[in-house]
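Structures follow.
Here chain A shows up in two complexes: once beside chain B, once beside chain C.
Entry: the complex of A and B
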């Protein structure tokens, strides 16, 4: 796709914008010069499609922008576009994401590096717009990389990283950016927008090589197979996901060198974790009240830290083990549920607890379900979580493995 | 080390761009002073409905760490300044994401300021505002509430007049100089800068003491817990209804005891019971089934159910039998038919004055009669 002159002009110099996380991803699409974008409205994801259509209408972003007749077609279109070598973007929320599930599954199966934004939203019914993580988490087993964003700046940054990693031929897997509905999709923050030149330097063109569907490269994809084929195909995807860990590390180092910002690790963020006796664990915008609570508790001399899991897939088991095995107790805060799961706990809790099994030191691991349906998680909720966790340390036993926070009895 | 929060209370869609201009300009101006900020709408109000009360917020802080506590929230937990851009919302705010009726000054900090765009006097506005235990300041910008549409913006300088006033009544937020810079940066005209500066010069406020204002208790309700809530996402149907006000005659439908209307509407129907021909059209066509049938076969609009859409006025075949009147003229949800029963002459005088006054004012939204839009469009074409 050609770059519109206005598009080049708009991003000639670094600048600050007051934008939402969705708008930040829209700008990242323009900076990455995405070729094909498909859309189908559903809150809160629709904020990104509105912004992309505005950029296109303003003549500052030249892309094929296709409003499909359903989420299923929306994801089918980018899947096909990606197979012929187009850089693609799409997204959805809640049950809209679920309506596209057949396409979502085959996108990973075909190793197509589609980048999608999931505006996290509670699954219907009841109809609700607020954030829960169950929508995006549903793809956790399928070969999608899954990243949980905490700020609008991170949304822009990681959208760029997503293309770099997904389109790496060692990986060729789709990438979903999970953005908490409302808190990221509908709140505007000051974001540093990089230049076209910087992005060009960081992000090479998408080259599908010998896998590209093209008349000059006659291939067939997506055949029917039997039991004598499928396991090897699955193992290939498994290997690609395993390889993604190093690709992410490389890409992140390059990102930091190019744009001058980033954390020590692409997979996790550790906040005041040194010497922490209690470690809080969570994803997404939960980091904001968690960091405030941790700062206040540190001022009172309480040894509390916060571990934010950024990549849910690939799950950085070793880094997480290392970060958590030093403390006395871990409180995993899930903005999701998994009815009937071990401990009737959340998805994140069960992943963390499973990752901790091989560790030599085993802290208590407690689970807290909080902030469902977009309910705010307040500093006082975090305080309650820490108090409960402290009791487990003091008494040496866990009263309840899973506790629901701020739910009316 | 400080955080300053401002909320804008407005009518959804009609004033969305106005609210957005205000909150974004605040963050831009604060940025000029090296502060950091966020601007956002209350998620529960969105997607907005025409005229339904909504809120947007601007929060600025000296440091990113201080701001962090105000991120990932549905709304600010308290504000230094409440800006109300439609004076009928002084009666309270009810979002369509139903939180009940919230006093306009609910989030305003003690000694904080409520800015209102209005042609009403301070005393008249205070009659509508709920009492509270701590004093606050009321600053009035003389203006007709500014209404636009989804795709158009009426650039009548209400935004910059509010911003200029804001710099005066809340100097800890940003200076006027920074605000002027922020206005320039957005490519707005020099005239808008002048308007902001004039508003700054002319800004005044008056302290509202504890005990001033209406003593009516805002409607509230208790949300059930998970152990008491019925399972299976069931909402029980309402009964079919019974006699008017529980009597033998007439009819009124059973209504949801919790979901009531106050400031959702910006206009309400005023009925001339003497010219009513009992044709039933208002009763049939009302989308909220808000008309109760009186024992004498008339139709009494129940204000706990009316959302002010004006369909009754549009379908009524009798001239001036149903007239939509601005909510600023009313202080409660009381029955017009009951008032008429008590004093028919008094009611007629009251109604006549209101209707004559209504004819003279331009409505903030909607039209006086069916076909008005076509007439105005034709006239605009001639011009």
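Entry: the complex of A and C
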């Protein structure tokens, strides 16, 4: 394998750069020496493709960069490139992600390790550019690993981890990096950019093995199976997703050893949760206001902590149970909605509540819908959430299971 | 651009390669012309080929788990994805070869689609594929003039008036499909000036078909072939007449056989003889009345159909191909 000299030169030394979450993922693609990348414009994810195209234009990233004519084609192109053994990247946002839905479904069905970025965006109509999580969450049942990123550094790091896990033959499932629109995609932060050598040490070449479509290996992929075999094939995908948990743990330990950063767990992040009576739960950049609010409340003597769920798929039920069963009440903050669902709550809430059912100690679990359409979640919103949750502890009952925060009624 | 294989033109039907790439294991209907199209396609292309097939008869009837007829590597793609599948496969190979991750050698990439997948749902992806000059690929649209896999429903490539399960003649409306057949190949040729090769073909002319596949695979860049495939089930005729109906489609002037090579239009076979005045077009009735799907046609319907075909030969800028004409001087 030969790396373009300019590409190798650019990442010869470790450096710090002031970049957005999208740029961080673009750099990760160059570091991972991705072969085929497909783009189609939709805000806010497309900033990653603007960055990738510039890297390619400048000769510091050798990849086949294809501007597709739709999101559907974008995902179909990388799906087929992945089947012949190429490392691939693409992404989308909001309704664009939905336009590609057929291709997204079959990519998982075919067990192809495509890595995609979802710049989380509200679904039309009515139009809105801002973040909601319903776009990425829609694939939660299909066999995509789903990770919610909180910082630009994490975006770069997890993009590298995504390839490592997705391309592991024990898994061979696609991986989506969910990035909150604007708050992550367009916000700059200082990011430590590793070297090619470090990445090469961590990330082996993609080897499709005996599943590679090539004249030397004339296999037939995805023939009709019908009721004769589909259930067994579904079961294999299920096993792969189950196995991914350990593969993620292994890869994360290796990541920490190679790059010298990371949390105790790849699946969740706990912030001031020791002795917490109220636990806030959320995903993505919500962590920023949540951490500030928790810190201030701690200064006032309030026992509040924050649990960030990083992997939505696979869902780390046991770790989440353990983290939450010590407290008195849980407040799940959803940046999504699920009309008509149990408690008319959000998707995350219902997953957390379901995961808590087998736990021996049951805290109250309340749901808060906040920050839809990119509306900012403020520290005072978090305070209100904590106050409502405190009332449930004090009175011993939940007045309303689901509360919409900062909404004009 | 990666290099192409050496696939010389075949002189004489006896020189068509003996080696099969599409063998037993499929369960296409008796008399299925599309199955022959698949067989000829891969004979012409040879073993160093990857075939990607979009949803349709040639997916469902061909590839059943544990009994694939494909000797070459084959992969399914979605109904509207033949263009993207070809692009993705070619890009994946090209990228890995350029970067030294895969042995550098010419590998043919062929994606096929039916008329539903190509002329209807997948048109935008086919169009996009034809814009990528750097990838060598062929998109073959086998046109049996209906969604034949799902019970024969009318498509944008079905002939005017054809009976289908979505366009059955009834007490009030004798003609339910009022759309004239899409002129797909010329649309793609005209719309993609850099595409070096667009052709129409018919399995009834095996040698011509074989050579068209080879020209498409060796000229370089993305190419497109549109074949007309008589379908006993969808067209409602005795399966033994598939070849004959293919020939009648050409001889009546309803189907026009040609290649567009670097912008030059080359007519083939009977089409050329008709255009040169050596042969007369047969009446459309000879073709239409052999098929149950047109059995409900009234004499007026036949007259109207004939008039439309006459117009395409007499008024069109390039007869049977380009449906415009210059501004009249009068």
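FYI, the second predicted complex is superposed on the first by the 407 of 409 C-alpha atoms of A that agree within 3 Å, B and C clash if a C-alpha of one lies under 4 Å from a C-alpha of the other, contacts with A are read in each partner's own complex, and residues count from 1 in each chain.
Definition applied: a contact is a pair of C-beta atoms (placed from the backbone, for glycine too) under 8 Å apart; a residue touches a chain by one contact, two chains touch by 3 or more.
Since the structure is predicted, the reported quantities are computational estimates derived from the model, not experimental observations.
In the superposition on chain A, A:76 contacts chain C only, with no contact to chain B. Of the two partner chains, chain B is the only one touched by A:288; chain C is not. Contacts of A:279 after superposition on the shared chain: neither chain B nor chain C is touched.
After overlaying the two complexes on the shared chain, residue contacts for A:103 are found with chain C alone; chain B is out of touch. After superposition on the shared chain, chain A has more residues touched by C, the comparison being chain B against chain C. Contacts of A:16 after superposition: chain B is touched, whereas chain C is not reached. With both structures placed on the common chain, the touch criterion links A:68 to chain C but leaves chain B unconnected.
Look at A:86: by the touch rule set out above, it reaches chain C but stays clear of chain B. Of the two partner chains, chain B is the only one touched by A:130; chain C is not.
Shared contact residues of chain A with chain B and chain C: none. Every residue of chain C that touches chain A in the complex is listed here, in rising order: 47-50, 52, 59-60, 63-66, 68, 70-78, 80-81, 83-89, 91-96, 98-102, 107, 124-125, 127-128, 132.
Contacts from chain B toward chain A in the complex involve residues 24, 27-28, 31, 36-41, 43, 46-47, 65, 68-69, 71-74, 223-227, 233.
Residues 16, 18, 20, 43, 125-126, 129-130, 151, 180-183, 186-190, 285-286, 288-289, 291-292, 295, 374, 376-377, 379, 407-409 of chain A are the ones touching chain B in the complex. Interface residues of chain A, counted against chain C in their complex, comprise 1-3, 33, 35-36, 62-64, 66, 68-70, 72-74, 76-86, 88, 102-103, 106, 205, 213-215, 217-226, 228-229.
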